[in-house]
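Below, chain A partners chain B and then partners chain C, in two separate complexes.
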Partner chain A sequence: MNLYKIKPWLLILPALLFLILPAYGLWAAFSESIKDGSDVTLTYYHQLFTSERFLSSLWFSLYTSLTATLASMIIGIFITRSFAHFLTDSLPRLSVWLPMLFPHLVFAYVIILIFSETGWLAQMLTMIGVLESPGEFPILTRDNYGIGIILAYIAKEVPFVILMLFPVYNAIPPAYYDVVKTLGGSRMEQFKTVEWPQISTVVMEIFFILFAFTLTAYEVPAILGTNFPEMVSVLSYDWFYSGSWEDRPLAFAAMVTISLLITLMAFIGYMYVNRKRMRALRGRL
Partner chain B sequence: MSKAIEVNNISKAFGSNVILDQLNFQLNPGDKLSIVGPSGSGKTTLLRILAGLDHPSSGTIKLGEKDVTHLDARTRKVGLVFQQPLLFPHMTVEENIDYGARLTGTFSREKTSDLLTAINLTETRTQFPSELSGGQQQRVALARALATEPEILLLDEPFSSLDPGMRQELRYWVRDLLDERGITSIFVTHDREEAMLMGDTIGVFYNGGFQQLASAETILQSPANPFVVQFFDNHLLIDQDHYVPLNKISFSSQATGARVMKAVLLQTSVANGERVAHVYVEELDKRLSLRLPFPHDGGSLDIFIPANHIYSFDSSRGAGRYE
Partner chain C sequence: MMKKLYSMLLFFCFALLTACNQTGSSTNLQELKDRDWSTIVEEANGSEVRLYMWGGDEGINEYIDDWLQPRLQEEFNMTLERVPMNTEEILQKLQTEKQADKQTGTIDIIWLNGENFKNAKDHELLAGSFTDQLPNFNKYYDNEDPAITTDFGTEVEGMEAPWGKVQFVFHYDRAKIDHPPQSFDELQQWIENNPQEFTYPAANDFTGNAFLRHLLYAKAEKPSAIYAQPFDQKQVSEAGDPMWTYLQSIQSDLWRSGEHYPNRLEELDQLYGEGEVSMTMGYNEARAESLIEEGVFPETTESFVMEPGSIGNTHFLSIPYNSPNKAGALVAINDMLSPEAQLEKLKPEVWGESSPINFDELSKSQKEQFESVDRGNSVLDQQELEETFLPEAEAEYVDWIEEEWMNELVQN
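Presenting the complex of A and B:
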């Protein structure tokens, strides 16, 4: 085998080595989740899928992360397409991207400061007479609808969406918009014909990154979530560190289930994105 | 009969920079106008205003009987072919052609087939733009613009991105297509030869307006001002009022009363089967290319300018008319 043939494998080696860690973690979790002493069992998976707590948690997690992801993407696309020509200057670009430097924890804390029942907004509305007391302010943090979690993720992820989309928008020749206009196309038509074929693959990638992250991340729902239903990451953490050793395989089973779900979605997405990318660039697949 | 397009006193300024200054012209249906001028003179701005992509600071534009000055591009019946083909890469040739026709409600399968035949690309109807050559792509762009059935077709240097051979071929081909279909067109270019090939009337555009709006023959016979003389290089500008046709200048005295000037031979070349001398005339500080009837090995030469062929821009003061 010559160097030319093995070179790609050498180049990808660091990434593969790095993957050993999560792959080992996943394998260890999986083997713990099907182990009953020295026997193999699916008891924990059965328990998991008959547990109302888990199923509520799963639906709540899917709803929360899907809402946060879609809202972040819609807002991000809107901001990028509206302000792409301003973002070529470094100061506006920096100001949009700066929030990415702060941890999610900071955003969770800011949401509490602003939107909690005793937060700035409640006090300000009381001060200007809109509310009689801060207690009338709706519950937006630690609420049953995950509003606080969704708000925190939107604030944190929109800059990421802009970061991913800006280079794509910047590369679209502006004359394409004129082509659509002179052919009788509306603004919606411009988006559909000029922008969407270019951005759809990146949008899909952003969706998977954000969805996978918001579905499984711990700190934001731990701070802003309620006790029931709770995000699946918080539930797994509870099972993992609960006093009962019997709960720990449930935590593993829950995480393995989520990992499989995300892997499956990512695989389907990858196949779709590759087809879309080739179609956008070359037309024929 | 109403005009295909009537442009009245159009002006456009960006801040203090005046791009178009009280411009007027009109075309009858089927007329072909070429607008030629140096790069950056505002030709493309004029075309964008006619297409509705930009709006004039003042003045009016009428298409047929309709005042379209304040209509935006998508509601004007104006087709525009750009410098680049700008085909949609994810659509086939046929889908690209149909795109505008579907948006404007003028789609029909027969028309698409007819246009594909006209651009000689019927076989490529299911191919994607990346599978076509640059010239083929530009032909599809032309068909796409024509499919919307515009009242007037604007072409903004559509051949500038093509190699010289392809450019020349497409010039003839597009001109024939426009003639066959009786399409009213305005063709913008910075290339003088292209302007003459693509338009019956040529608008020499500079400094916010037409320096001359006339046929190629008229521009050759009676250039309007020093700018037109210098831009077309058919004459030698003697001073701000006088010029002489280049083909009347010779290297030997053929008539009495000729004005003699010293020239330095810079280089010789061959064009159209004739020897061409590239000379520098110090007195006028100008370089010229003249037919050289005899071989010459460099050094200085005398050029003879017959007095009876020195013309004035103001014909009443002219010494004669060029025949």
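Presenting the complex of A and C:
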């Protein structure tokens, strides 16, 4: 057999092997979601898309995770570009990354400790006289707008954004900035012409990692969410485990829907990056 | 060379796949039926028994690890291994193993009741009927007591052995409330007079749902119209209407004006501990004792029950269909049902939980030992608990309440 022909396949084999598990999981979930005894049915999808509980949950999830992702990225980019030269020392760099050691669960509880109606912040503000009683403190956790969830994700994901962006920023030659400055470019211009072209693909990558994660992760919304609307993950968990197992196909259908949504978005993102890459190859940036 | 490597990789994959599918042989319960007890004990000698159970309570865990485990080791030369896992996840594991036709599993004993038992029974995840083989069950337990023969309306049929009994109570802070409400009407009045000081966990929480079932019992013609009746959608809607009206009318005076209900009991307990609300509740008449000791609840915490009564249930031990050591499981369960083990479990510093044992069958000295246990100030009298005892309704009511509560109270 021709070695050259099979070599690419051999190289991709570990990745494919690794994909067996999630792919099998997705397939199993899909087949459970369309199974009605031995017949194939779409009733569960119909039920799903006529259920007010699911649709509200879907919008709420999209809104929460999009807000959390975009906010984490903007803050992360800002911190990285402002402090990139500080971060070359290992001590400040480690201190920025330190929060990554703690699991999301811990962050969720920290948010409760600080921002709940009887939390540190409420008591502190009362002590220094800004509030008359802790009861006046606004409801920021287990609220209807997902504020608590968004706060927890921002606190947890900003270090990740810095981790991903720092090497890219570090590799930008200082001379590039000098060029823009000599030509009288503003800070915004520096960002647009020097930084953005370098970081845009990584930014896209970070966006998908964070968005897919925050959209589907369970523990943070389980602790910081309210009864309605709830994140899709919490709703699916409820459908999967609660009561008799009759609602299970609904949980599978919801998860398959979310997976398709993420896949579609990732595909569009990939096409976009690819087009840019093709254009770059042809020399038109 | 490359080819060799490739085929090796392939072989490795197949080996992995087939390893997952290995089927071994484990004694089946039917075979053990024909043997007498001493043979079973002999077979269990030197074996390892794995007990999978919910592990969220330190007192319970210590009872298993520090008392039961050494005892089984000494008396039967058995090693008991406790594996903490949520009951739903244990059943999910068994269900997956069942789908893969795995005949030799890892779980020998599970702790369960209610909907979990119903699911396990319906999906044939259990080994079968075994309680009539246990000497202690036959001797000390009343096998006609409905609290033992049915589990949330599901027929037990000997497939699980009663391990403990709990009853629902409300907790209040005597420093804040002089006379706790005696009925749901009085509770409504109290909530109106003390806005923002009461709430209950959401209906998908175990305790929150039990609270709502009490209300359903209260709003039905009589409690037995619910618990003695098989679930009927139309009939329950009639009792349901006044229940939703009641809940809607108290909603605006609840904690956070009823815009958010605690997702879990722990959330409510925390609010109660911080003094945000003045009452909490729980499905274990003695649970406040350890929480007071830990400093979570104020020391002035006491319990009360309301009209029409307090729902109680029994929880059980069972053996999965693919338990690799069924003989060991039988011996361990038999021992957990013994008067000594049940007495130890009753002590408030250990677990503090009631026993489903039949007191009439105990010897005089055993009875005295049980009676001499001081369960603590926050626990109601045994007599009051027994007089107000109400059995659980069918598991379908739980689902119905959960779904309707979402529609009637939260989504609007």
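In this section, the second predicted complex is superposed on the first by the 268 of 285 C-alpha atoms of A that agree within 3 Å, B and C clash if a C-alpha of one lies under 4 Å from a C-alpha of the other, contacts with A are read in each partner's own complex, and residues count from 1 in each chain.
One rule holds for everything that comes next: a residue touches a chain if its C-beta (ideal position, glycine included) is under 8 Å from a C-beta of that chain, and two chains touch if they have at least 3 such contacts.
Here the structure is a predicted model, which means the values were calculated and not measured.
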item: Per-residue touch tally on chain A - higher for chain B or for chain C; value: C
item: First (chain B), second (chain C), both or neither touched by A:Gly225; value: second
item: Partner chain(s) touched by A:Thr182 [first = chain B, second = chain C, both, neither]; value: first
item: Partner chain in contact with A:Pro173 - chain B first, chain C second, else both or neither; value: first
item: Contacts of A:Leu105 with chain B and chain C, given as first, second, both or neither; value: neither
item: Touching partner for A:Ile268 - first (chain B), second (chain C), both, neither; value: neither
item: Partner chain(s) touched by A:Leu55 [first = chain B, second = chain C, both, neither]; value: neither
item: Which superposed partner A:Ala23 touches (first chain B, second chain C, both, neither); value: neither
item: On chain A, positions contacted by chain B and by chain C; value: none
item: Complex contact set, residues of chain A against chain B; value: 173, 175-176, 178-179, 181-186, 189, 193-194, 197, 279-284
item: Chain B - residues contacting chain A, complex; value: 48, 51-53, 72-75, 78-80, 82, 84, 86, 88-92, 99-100, 103-104, 127-131, 144-145, 148
item: Residues of chain C that touch chain A when the two form their complex; value: 2-3, 6, 9, 13, 88, 92, 115, 118-119, 122-123, 202, 204, 256, 259-261, 263, 274, 276, 395-396, 398-399, 402, 406, 410-411
item: Residue ranges of chain A touching chain C (in the complex, touch as defined); value: 1, 3, 6-7, 10, 13, 17, 52-53, 56, 117-118, 139, 142-144, 222-223, 225-228, 238, 241-245
